[in-house]
Amino acid sequence: MSIADTMINDATIDEARPALLRALEAVIFAAAAPVTLGDIAAHVGERGDLATLLRELAESYAPRGINLVERGGRWQFQTAPDLAHHLRPAREAVRKLSRAAVETLSVIAYHEPVTRPEIEEIRGVAVSGGTIDVLMEAGWVRPAGRRETPGRPLQYATTPGFLAHFNLSSRRDLPGLADLKAAGLLEREPPRELALPFSGENE
Amino acid sequence: MSIADTMINDATIDEARPALLRALEAVIFAAAAPVTLGDIAAHVGERGDLATLLRELAESYAPRGINLVERGGRWQFQTAPDLAHHLRPAREAVRKLSRAAVETLSVIAYHEPVTRPEIEEIRGVAVSGGTIDVLMEAGWVRPAGRRETPGRPLQYATTPGFLAHFNLSSRRDLPGLADLKAAGLLEREPPRELALPFSGENE
Amino acid sequence: MGDDPFDTPPRTPAQTLVLQLGAWEGPLDLLLTLARSQRVDLAQISILALVDQYLAFIRDAKALSLEIAADYLVMAAWLAYLKSALLLPPDPQAEPDPHDMALKLQFQLQRLAAMRDAGAKLLARPQQGWDTFVRADPEGLMFETTARYDTSLFELLSVYGAIKARNSKSIHVVRRRAVMALDEAIERLERLLGASIDWTELSRFLPRDLADEGYARSVLASTFVAALELTKLGKASLSQGAAFAPILVRARE
């Protein structure tokens, strides 16, 4: 593509921007589920830098009661979290996750893809039946292929639904992820330079 | 309510206006069905002139791809009507015509206007209704009146779309039998169907 | 209601365990709790002290003559071994190195604590359907698929050519139908022969002036075979003086 072509294209896009933003809004609003860039492009056409436009649109919605958010590469509208008190059904029991389920979920989220033996090693107990099922039923955890090691154990990972449910744009937004990584706590083996634990033994 | 109360209320409302507008947005957005003023008040509380606020909100959404509209006293968000084509865009799927369809088409082109029994006679096999439907869907064949013979069978002919697709300026541009023979097209393809004796029965 | 005997679940050994150890999800969980009672910063805990705490806890539980699950006892034995290895003078041959084992234990405790913490933080985040809400009943996106048919003129013409070629073959079939069937030939020859007992040339029974050469050949062949058939049936006699000489035929009594 020549420079002239690029310029012409850019001009066209600039002119079409408001219309494109409107189309983006409408497509994401009408979608039955969070949509990827590809889904959006399939509906509005491959025009301009959709990712940039989406971020711009999200910004314009930020102060509103409805927000445009990205969850694991998928875009959706949702209500602003601070307005929950207007929207919560008066009496609805939140289904409590068991402690084992929460722990298993965080192990999968921070270590994915992770095998069941690894989950058991980290938690120090066998994963009881019903824990992973519950997480899969909630749509937060999925089987993620087999590891190419002896026994070819099944691995687990989180889903876009997990990110959406916990209002995470991506796995990078997992709370404390960077710190845990820096501390070597997401490795499978202790880092060699880990402080000696029995420094107090000779005190 | 005293005038002083009203004034205090108005002041409070003015301060709370942006928050109230956000709450309105969220409530209408998240509702399972279009909501009445009463429904909204039940969620955000009896504050200020909801009807006026709603109209204001609707105005702020008017240029967007999502509109806030009132239908019979119920409020709802919906996509802007002019964007419908993005929500159900037409997608073209290129399809190949079946051999039977191409044969039928060629018979219609060379013999139009022609009835179905005549097509069958020329092709030597029965023509299924679906075959002619496909040709009509492709925009190449049209019904061309009834023949004034017993049973008044429907006749078929080709369309201008047919000529356009095959780059023909008129049906006279179709090569004659002699041309076909000269071009080697008469023997080009062995007939797929067996030459059943009944193919000659009508001659 | 509480008096209903059916409301009281039966006591089982497992439940006895729940009373004492049920607060922990296994030995590692117990160790983590003990470590936290030592220090908040798990990186600073004393493994030797932790081992002592664990062993003391198990000893007390035994003193209460509670059943202790096997995995707690296995951990106790392993920790006792680790303690003795750590207290012995360093042995460079020791495999695995007890210091590495201690390091690993500490790592596991830190990791478990980190995951617990992460789980709590995760649950503290705004959650879909509780803090944030999406549209209840979106229309959904769809595609209107329209078919575009693609056929070339060459395809169209060659197919028509093929139909025509097929039809000309079928005309050939029609000509082959202009034959005199054997049945017809037998019936005809028998009728013409009548009761004639004079030898007559077979060719004289052929119809004259047949314009269609193909049909004429068919009649000749059929009539000849008919003569053979009638002879076989004992209704006629055949005679030929020499090869390629005229064939003579007559009726037989």
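Letters A, B and C name the chains as they come in the text, with residue numbers starting at 1 for each one.
Just so we're on the same page, a residue touches a chain if its C-beta (ideal position, glycine included) is under 8 Å from a C-beta of that chain, and two chains touch if they have at least 3 such contacts.
Fair warning: this is a prediction, and the values are worked out from it, not measured in the lab.
Viewed as a network of touching protein chains, the structure reduces to a complete graph with every chain in contact with every other. Comparing each chain's Cα centroid with the centroid of every protein Cα atom identifies chain C as the most central. Subunit A and subunit C have centres, each the mean of its CA atoms, that are 32 Å apart. A straight line joining the Cα centres of subunit B and subunit C is 34 Å long.
Residue positions of subunit A with contacts to 2 or more other chains are 27, 29-30, 42-43, 77, 79-80, 87. Each of the following residues of subunit C touches two or more other chains: 133-135, 139, 141, 143.
Only residues 18, 21-27, 29-30, 42-44, 63-66, 77, 79-80, 83, 86-87 of subunit A touch subunit B when the two sit together in their complex. Subunit A meets subunit C in the complex at residues 27, 29-32, 35, 39, 42-43, 67, 76-81, 84, 87-88, 94, 97, 99-100, 102-103, 105-107, 109-110, 121-125, 164-168, 174-176, 180, 183, 185, 189-190, 194-201.
Chain contact summary for the complex, subunit C toward subunit A: residues 25-29, 43-49, 86, 99, 102-108, 110-112, 114-123, 125-135, 138-141, 143.
In the complex of the two chains, the subunit C residues touching subunit B come out as 133-137, 139, 141-153, 155-167, 169-171, 173-174, 177.
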